[in-house]
Amino acid sequence: MTAASSWVLSLSCPDRPGIVHAVTGVLAEHDGNITESQQFGDPDTGLFFMRVEFASAAPLAELEAAVAGIAGRFEMTWNLDVAGRRMRTIVMVSKTAHCVNDLLFRERAKTLPVDIVGVVGNHETLRELAEFYGKPFHHIPVTADTKAEAEAALLALVEELDAELVVLARYMQILSPELSDALRGRIINIHHSFLPSFKGARPYFQAHDRGVKLIGATAHYVTSDLDEGPIIEQDVERVDHTFTPEALTAIGADVERRALARAVRWHAEHRVLLDGHRTIVFK
Amino acid sequence: MTAASSWVLSLSCPDRPGIVHAVTGVLAEHDGNITESQQFGDPDTGLFFMRVEFASAAPLAELEAAVAGIAGRFEMTWNLDVAGRRMRTIVMVSKTAHCVNDLLFRERAKTLPVDIVGVVGNHETLRELAEFYGKPFHHIPVTADTKAEAEAALLALVEELDAELVVLARYMQILSPELSDALRGRIINIHHSFLPSFKGARPYFQAHDRGVKLIGATAHYVTSDLDEGPIIEQDVERVDHTFTPEALTAIGADVERRALARAVRWHAEHRVLLDGHRTIVFK
Amino acid sequence: MTAASSWVLSLSCPDRPGIVHAVTGVLAEHDGNITESQQFGDPDTGLFFMRVEFASAAPLAELEAAVAGIAGRFEMTWNLDVAGRRMRTIVMVSKTAHCVNDLLFRERAKTLPVDIVGVVGNHETLRELAEFYGKPFHHIPVTADTKAEAEAALLALVEELDAELVVLARYMQILSPELSDALRGRIINIHHSFLPSFKGARPYFQAHDRGVKLIGATAHYVTSDLDEGPIIEQDVERVDHTFTPEALTAIGADVERRALARAVRWHAEHRVLLDGHRTIVFK
Amino acid sequence: MTAASSWVLSLSCPDRPGIVHAVTGVLAEHDGNITESQQFGDPDTGLFFMRVEFASAAPLAELEAAVAGIAGRFEMTWNLDVAGRRMRTIVMVSKTAHCVNDLLFRERAKTLPVDIVGVVGNHETLRELAEFYGKPFHHIPVTADTKAEAEAALLALVEELDAELVVLARYMQILSPELSDALRGRIINIHHSFLPSFKGARPYFQAHDRGVKLIGATAHYVTSDLDEGPIIEQDVERVDHTFTPEALTAIGADVERRALARAVRWHAEHRVLLDGHRTIVFK
């Protein structure tokens, strides 16, 4: 006899009648009690999305078999997980600390359901910070000549550490299309701008020159199409003419860490589903 | 042969396994296709809440009978409506125009699914505005002596106009507990403060005296417990020391009309469900 | 004997020591009492900006002569006005009402210091609304062939009505560089996007396709450089995957009217100063 | 020969003509060039406030003497400091890390102009964090019996470390009126609520029970009047019915650290002036 556990099931499939009924039928057969659920049908793509948290005493294998039993009929892409399980995550950094510091702090404070299994830097700068939080730091330097090797080393590390998620926390290297594809749907970047604006380098200097009144940041999945990956979260903060480019950069850092932390939490809680080049976020 | 129509079903009931399965079973039997749905189980109150939009060619009576067929078993409170149907609404005013002007404008712009069937004022001030928008204006003056009659006249008007919703758009009269009860769950007020603070009169003067840095407003259902009705929406705007009480009042007007318009829209779309003295808002 | 009046002086000039001392010396000589003032020196452009509200019983001509007496020495661009005076304003529209309705309502509510002396439309659609607020409506149709005449008619109207400010309240015509130059610094547009993003047509459809999580708008001065005029104000509102392009458009309308009303108020209060292609906004 | 340095002068005094002229006269005599300045006269209290940043090659003593030369005549309270100088600060904590972690991180990132000269805790919990950032940690336990001694020890430490500012970063002890008075105007608290609401303990449980839609925090100066000290900054974040009290607490932590960091920065930059029980914040 097992105590009731809490589960989260997320899925997408071509939209048609009967999906929710079939899914909840599976839950009902296992005495599943729904605590939170959301569904959405996108008329543009013809896809249907569902996320359901439920309590059930049934074991994982039994639940998985039951879901698999209906998944084929509906052509479902689906995922079943223990609700609240901490997702094994690698954080990648260069020299800038604000995003990784925020993720490490939130993990320790138990407000972010991730298990940061390693920090990877192309510089040594942030080793001390990672190690203060008890995280192994891996130095993988990157030059134009060694980029392929560096990416291979990263992929090897992802496998070795059994990482489910890679977070680019102001990692200032552009990934190859091959690596982006290999990690598709499980690699998140924070873009230091309110996309689609100011895509290039030094966006806060561009923002200052243009005299914008709001500073934004965008957390998105990485794809081989640079800066065009599906957007998970965006946020802004108000600025004015007294802000120097340096002050805009400092404000930007606040917005970046906030947007990134939300995106990572929603991903780790299986709240983000891919809908073509957009996302469905069941907050 | 009928073309497929779009429906919205909202319900609450004691939480237990099988609710969503039963509901979606009813939909599946009528070839219903879910386009948007949300569920939530509140562990504090033990209640379960659901809102589902779906397309189905079945006629209203048939769908109602089918839902009724399962409602008893689950002790459901439920409502089935045509999605997007404009809710018959009475707006009550005194002399201040910003909220009613906003509601009238949004109705005409078709961004608020209400049919404002009348504007009631305890002063004549806003007759001209109401009539510009083609709305009958009813003058029901209120004095300490005539309060009971005035409330009876309002209730009679609600029945005569078959109004489903009453919106207090800066109506500066306190309703009797009897009237609040009679209209329970279908009367919305905008409170000129960020509740629970500054409950009394002249909140913007209080706010100025206290030197607050944010001005807020609260849209809530009216209950006999003054200013303590279930909160539907709150919003704020940033202010600073240069704002006089008059400037705070002007900013407050912006926040009020924004919060009220959202609350009315969500109510009219059956997105707000009562959970004790709290609300569930399926945005 | 005159009662003390309230004045606002705004100015910009090349930055160097002694400016504020000289200006406040002029005020002191006329028993001027400063109630609110701000100064800013921009290290990028080498320009200095000042706005001061003060009370003084001196007549306008005397104050003007006194300011003129120091303006030459500092190469000042300056403006002296009665504080709170309502600026004579023409609002230009096409068919969309939300911005002009908001401006008209705020003028009547006395929360916007403008005197709307006329509404100009290239369509007749909004005549009724303008006339309800007691404003003369001028229909100036525009076609590819008549554009030059239409702009000449507008300029003639600006002169005839002695208009100080022209507001493009969703006026869906691109102005010629000549007209933009002729009205430089006194013509404000609301851009239906968070510039510099989504510059083209149908920005809310672009935003929906891109799956953005925030919808923004930008109020800016019109220049001959399309969509690149100095930004006065920007604002955003949060959206999610459930928003259709139509819903994004409705939210965008809210953001637009809010940003435009702020920009118009700040301009009318002489709070906005031009600093190259940026603005200084002394809020 | 000294290079030009950057200074910040802040002052308040009874309002009357000639103040700014006199102050800028002092600056002009020392070839001072104003880079940013703001003034405000409060009609309620009859007080005038000014903050000016300027560049001047004159030595501190000379500038101080010059300001002192006019201060008496205008009954000024004034402060002259090197612009950007890092203010010597003690941070007080209990067991909760989010606020102190944020302050320590921002100090190291050089985005907060403070020099944290010590962290004081009534528990040992946060010693490790403080020491990671190279800060001496002082354990001053407090019980009902030892409160007077503990406060004496704190005051001794403030003197010994020459601390200019004390920040209560979720320090869960109520200070005595005597200590509050001794540190008046240089001790900042973060209140875990949007004051004036939810003043008591466990505000996030109160907020959850009341079903609020926004969670707020308030940074304020500490006075002997508990929770009624002058407000420096407030902020909010949007929540909904799915947030448990624990989730509200986590969101609240984000809002708290954000509001506190802003209040500390503005105080350290001499942007906050006291106006009775309100503040003037020259952002």
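Note that the chains are named A, B, C and D in the order they appear, and that numbering of residues resets to 1 at the start of each chain.
Keep in mind that, in the parts below, a residue touches a chain if its C-beta (ideal position, glycine included) is under 8 Å from a C-beta of that chain, and two chains touch if they have at least 3 such contacts.
Bear in mind the structure is a predicted one, so any value in this text is a computation, not a measurement.
K.L.:
Using the touch definition up top, find the fewest steps from subunit B to subunit D.
P.N.:
1
K.L.:
If you tally contacting C-beta pairs, which pair wins, C-D or B-C?
P.N.:
Taking the two pairs in turn, the one with more contacts turns out to be C-D.
K.L.:
What's the call on subunit A versus subunit B, same or different interface residues, using the half cut on shared numbers?
P.N.:
At the contact between subunit A and subunit B, which are copies of one sequence, the residues are largely the same (over half shared).
K.L.:
From the options A-C, A-B or A-D, choose the one that repeats interface B-D, i.e. more than half of its residue-numbered contact pairs are shared.
P.N.:
A-C
K.L.:
Name the chain whose C-alpha centroid is farthest from the C-alpha centroid of subunit A.
P.N.:
If we average the C-alpha coordinates per chain, C ends up farthest from subunit A.
K.L.:
Can you work out the whole-Å distance between the CA centroids of subunit A and subunit C?
P.N.:
41
K.L.:
Could you grab the centroid distance between subunit B and subunit C? Build each centroid from C-alpha atoms only and quote it in angstrom.
P.N.:
36
K.L.:
Taking each residue of subunit B in turn, which ones touch at least two of the other chains?
P.N.:
Within subunit B, the residues that touch at least two other chains are 36, 40, 242, 283.
K.L.:
Flag every residue of subunit D that touches subunit B in the complex, lowest number first.
P.N.:
40, 42, 194-198, 209-214, 216, 230-236, 240-242, 275, 277-281, 283
K.L.:
Please name which positions on subunit C make contact with subunit B in the complex.
P.N.:
Within the complex, subunit C contacts subunit B at residues 36, 97-98, 101, 105, 108-109, 111, 132, 242, 250, 253-254, 258, 283.
K.L.:
Looking at the complex, which residues from subunit B come into contact with subunit A?
P.N.:
15-21, 24-25, 27-28, 31-41, 43, 48, 52, 238
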